[in-house]
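After this come two complexes, each holding subunit A, first together with subunit B and then together with subunit C.
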Partner chain A sequence: MSLLAQDTRTKRRNAAERRFRRYGLTAIGISLAALVMLLTSVFSSGLGAFRQTFIHIPITLTESALDKSGTRDPDVMHKVTTIGYARVINAALAQAIADNGIVIDGLTDDDIADTISKEAPAQVRDAVLANPDLVGQTVSFSILANGRVDGYLKGRVSLESAAIDTKISTRQLALADAMQDKGLMSRDFNWAFITAADASDQRPEAAGLGVAILGSLYMMLVVLCLALPLGVAASIYLEEFAPKNRWTDLIEVNIANLAAVPSIVFGILGLAIFINFAGLPQSAPIVGGLVLTLMTLPTIIIATRASLKAVPNSIRDAALGVGASKMQAVFHHVLPLAAPGILTGAILGLAQALGETAPLLLIGMVAFVREYPGAPPEGFFDPASALPVQIYNWTQRADPAFVERASGAIIVLLVFLLVLNATAILLRRRFERRW
Partner chain B sequence: MTAVSTLLMLGILATLGFVLGRRRALASVQGDSRRLHSLPHYYGWAVAIWTVLPASVLFLAWQTVAPLGNAGGFAVLALALGGLVWAWLRSSATFRARNAVERAVMGLLILASSIAIATTAGIVLSMLFETRNFFSQYDWTRFFFSTTWSPRFQGDSDLGFLPLLWGTLYISFIALLFAVPTGLFAAIYLSEYAGPRLRAIAKPLIEVLAGIPTIVYGLFALITVGPLLRDYFAQPLGLGNSGSSVMTAGLVMGIMLIPFVSSLSDDIISQVPQSLRDGSLGLGATKSETIRQVVLPAALPGIVGAVLLAASRAIGETMIVVLGAGAAAKLDLNPFEAMTTITVKIVGQLTGDTDFAAPETLVAFALGLTLFAFTLCLNVLALIIVRKYREQYE
Partner chain C sequence: MTTETTKMTARSVQVFYGDNHAIKDVDVDILDNTVTAFIGPSGCGKSTFLRCLNRMNDTIDICRVQGEILMQGENIYDPRVDPVQLRAKVGMVFQKPNPFPKSIYDNVAYGPKIHGLTRSKAELDEVVEKSLRRAALWAEVKDRLHAPGTGLSGGQQQRLCIARAIATNPEVLLMDEPCSALDPIATAQVEELIDELRTQFAVVIVTHSMQQAARVSQRTAFFHLGNLVEYGETGQIFTTPRDPRTESYITGRIG
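Right after this comes the complex of A and B.
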């Protein structure tokens, strides 16, 4: 038998080897495919949220309708509700359609009125109350179009679906096409999605992330101010000073366990202790921040201890040798050297806290909040939303336009996470020392 | 006097104490700091600590009992002033200021590290208390052994725990069935076969999956995986027509767990000593035979620990099942049927209008305590196994 020819047993073993490799490659392929699918799904359904359909028309702000007294006094003009403004806008749109020579069979006044978002009157009203001198003039506005019309421009609503939808008619879609041709309607970048407050079920086109982003920011501030000092202090004690005894063993086991406790349990803790027992307000960023602090503390402690451990003992010995006390050695020498690692750990903890949803649901963050929270420190006690909770909230609404909003909000959340993680990586690259 | 202005005054007093204490210590040795026991600023810190520490303890105690009025504010400030004067009088050359300051700092460090214990105690006590309330209104045998879950607003609800447990275990099982082989094989390939280039690309990309928040996975289940499974598997096979199902939640949760399993197994596999591999390869085994017959058996305890940790994660996961699994409590074998889990029901019973006297709300605490006990056991078991394993090769 030749050495060069493989016998059947060798062939079998080699085939098994190749099979095994293929399994490994397949596993990696599946993981990467899952990642790609996840990101494609989010981006394809969410990018639309950043562009919104606007109607550009001149609106004649008639004095008789908006300011009967003629005083231009905002306090008096407050009496005119959005219904009054809606009439003015509807008339303006009908006029613009006629002026541009758009003719559509069977188009009713209601069709024209429903093309406009229910949020548009409030938009115009705010602009007029901010500048009462506009009354009596003809001003060109870019007002929000209805969510269904927006969906038509984005391909979510089609002629077939409109035929069986009571909230939109095929005539309105024809109108939208014609208005696009004449330049009366277009899709523009939607800043309001990032800055505006949430909107009700009926007007997905106006819903924004402003309150949620502010609420998340407040919570992150609370987490940073509490979790970082507490976590660093706890790690210094456990790593540098703690004697080996029952008590420190208990602390160690507790930290290891807390890192693996389901996050929803922290929500129950927050509800029972901070809200029911301590009487803090529901859906306030301070409560969310406290809960997330307790949740991220183990992460920060574990990272800090690792970077304290990485500082070689020669540094401590040198400091002790020239007469420093143990505490001076730690605070003057070990801690500054471990700082980049600690900061990296803190940022990663923050990223974890930013995306956490479940505990916030239990402390009432799901409530519908339209008011921006005030400036800190009082603002920490005002009701607010949070980015991940806002996403959850939108998935629970009936209108399919909210799915687009939710995916768009995820893109915003992922961008924030990317920034945090990139900062952590840069910090590590820039300052990490190998001893 | 408000809390904020009291704290502000306290800060001013502390600063004043620092300056005065340092000055008095220096004056006691005619400005020759070498004759002091400690560096001058330690005398300042000692006075500042004596000003702030007792006063802030009183402040916190007062705040928890009743809101701080004028009386409370003045009492706090009086105590601060007393502490300042007392510590200031002690600031002299013989006073061991550094030791005093370091003792106080050490106390703060110990306090900070005890928060972990306080948190655990808080979790257990808060849930225990409400769970006792629940079982005083609802028979515990019915909770643990009843097979129906149907809360009613008028009362007289059936709050059986078994359908929730079944849903939780079923979904976790499917998640692990997907995640463990995938994660394990990915880890094996990356640590034993892959070249440095593939490793440098694939490893961070798989870890990205770990950094994605669970709400994102939840939405993925809701808008992509759910409809996909329904249209291409459940409906053609006649197994139901629900987008949210055990399969949806299980698969998506499996994706979430891949990086968890793979990074833990990677650590464990790389801890197996190279000499074991060399011995096996030297005897003529192929690489895959070495992995299957030498490396994996040696790493088995560690991998079991990793799987247990992953299982505890799966059982406690909330957002994916809230958005992907559905809300109907059922005891069913069909994986394309919507089922529900413990965590979903905790969220369901504790959001919206809640009445903390009704068993329908209180049951959430009993569920939470059960969940906590469950995951605690898994975690402790996993930690013990992993720690034992680590010692084996150190």
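Right after this comes the complex of A and C.
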């Protein structure tokens, strides 16, 4: 038999291998395509949320309208509500349009006023109350444009859709075009999307992620402060000190099972224990953090035990051999070697907790929260939202402008997850040791 | 220079791993300033018995030890004995060199540190230097004391482990096949070192190499299937064994 010719058996084996490689490549191709599609869809619909349409006009803050007393005392000026400011802004916009010689047939004063966001008066009011001396001056402001106008600039609203939309008219869109030409209106980077609180259905243009990010941050703090020490302590005990018997086997099996429990079950548990029984407030990061801690604990325990197991026994023997106690052997030698693995596990657990939605819905984190939670530790008990819940919440709103914001929020969440995972990889690389 | 004082005495020692009776009724005297070699075929219980002498078997859940092992008249298996304290007096070197993944200095300094043997950094430095010198490693590492111990060659690592074991100033030094992972040159260095160490400690060495036992030891114990078959002067064991099993083993018929 010549070595140059393949026998049928070899041919069959080679064919099988080629087939297997093709399957593998196909699988990778499908996953990559899915990932690209997902990212494209999220980014194409979400990137717009980071830019917002602003109207740039000088506003004359007349004393007679905003501070009749003339005292410039913020306490007194509080009496003027946003309605008073709205009048001032509307007048300023009408003035600016006239000054720039923009003429559009049939455009009414109401049409002009409606291109401004309902949030704008509050914006100006906050600025004035923070600095009462502005009253009496003419100050340049960049105020939010209405969500429909913003949608027009982003291509979501068209002349055709405006024709059948009661909330916007083609005249207003023509005005928006003219204002853009004159530099009165432009799309700019929108920090408020990341820092501002959520907004009501009527003003999607003002909705931001500030409260959700803060809530998520607080919850992650709670998870980190509880799950990491608890999980590591439990793992060290189980792995290094506990006798191996039926009870520890049972505990082990249960921890493994706990990791597979659907997260919504933890939500029900949290509702029953932390809210109904312990009487903790609803929608509070502390409750969310506790529930996520329960959820993350098994993940951290499993990761920690795996990293402890990976430390060779010869290291323990070496320490015990020179007369270290078991505890010294663990804390001086085993734990430092296991630390990168433990931290990686903890970070991945944290990432999982960060994206978790279902249990938070059950404990009321889905409520509409406009107030920022206070500084810790009291802030842990203030109502707050959370990133994934905020995304869910926005997808439920009627106004299509919220869809864009939901996608934008997904981008923010993805960035956070990416940062966490990158940290995990970095830690692993940095502290990886050989023995 | 052999003073013939008994350092440790084992009486009717039995070891069980669960149902496996690994050591059967073993009596041995470990003499001071003497190298005692444990030889015997693989799996006969040499390591198991060695680990009884510093209670390293305590770390194995299923392991049970019966009988008594006396050290200066005190039973080391007395419930009042803390094995941690015992292990500072009975040091151990393992088969595979196992330095801590820390600096050479920290490896040697660890024992003295946890036992509070030194009061100042200068004193600790001195102990580290003395131990490394006694382990015949000082000349090779004195310029890189803060380099990782795991970066040394196998033979150097094993001598580092010896330095680490003697840094706590033990009375007995146990070595479980300390040369089995080393090349011939490193083996020769360690063997030479063992002969040196005998001046200060009672040394017990497990070896599967009969030549090594003959070269380094004054006393030899031959184990077979958990029994101590024969124990006596090394020269006598190798030239005029009393038990036929010993004879078969050293002539290469069982192993």
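As a working rule, the second predicted complex is superposed on the first by the 408 of 435 C-alpha atoms of A that agree within 3 Å, B and C clash if a C-alpha of one lies under 4 Å from a C-alpha of the other, contacts with A are read in each partner's own complex, and residues count from 1 in each chain.
One rule holds in what follows: a residue touches a chain if its C-beta (ideal position, glycine included) is under 8 Å from a C-beta of that chain, and two chains touch if they have at least 3 such contacts.
Here the structure is a predicted model, which is why all the values come from computation and not from measurement.
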Q | Most subunit A residues touched (candidates subunit B, subunit C) | A | B
**Q.** Touching partner for A:325 - first (subunit B), second (subunit C), both, neither
**A.** both
Q: Figure out whether A:181 sits in contact with subunit B (first) or subunit C (second), or with both, or with neither.
A: neither
(Q) Taking the superposition on A as described, I'd like to know which of subunit B and subunit C A:337 touches: first, second, both or neither. (A) second
Q. If you stack the two complexes on chain A, which partner ends up touching A:24: first (subunit B), second (subunit C), both, or neither?
A. first
Q.
Between subunit B and subunit C, whom does A:236 touch in the aligned arrangement: first, second, both, or neither?
A. first
Q.
Going by the contact definition given at the top, which residues of subunit A touch subunit B in one complex and subunit C in the other?
A. 325
Q. Any idea which subunit C residues touch subunit A in the complex?
A. 54, 56, 59, 61, 84-88, 91-94, 96, 98-101, 110-111, 114-115, 150, 161, 164-165, 167-168
Q.
Which stretch or stretches of subunit A touch subunit C in the complex?
A. 243-244, 312, 314-325, 328, 332-333, 337, 433-435
Q. For the complex, which residues does subunit A have touching subunit B?
A. 13-14, 16-17, 19-21, 23-28, 30-32, 34-35, 37-38, 41-42, 45, 229-231, 233-238, 241-242, 250-251, 253-258, 260-269, 271-273, 276-278, 294, 297-298, 301, 325, 327, 351, 354-358, 361-362, 364, 366, 377, 388, 391-392, 395, 403, 406-407, 410, 413-414, 417, 421
Q: Would you mind writing out the residues of subunit B in touch with subunit A in their complex?
A: 4, 64, 98, 102, 105-106, 108-110, 112-117, 119-120, 122-123, 126-127, 129-130, 181-186, 188-190, 193, 202, 205-206, 208-209, 211-220, 222-224, 255, 258-259, 262, 286-289, 291-292, 309, 312-313, 315-319, 322-323, 343, 346-347, 350-351, 356, 364-365, 368, 371-372, 375-376, 379-380, 383
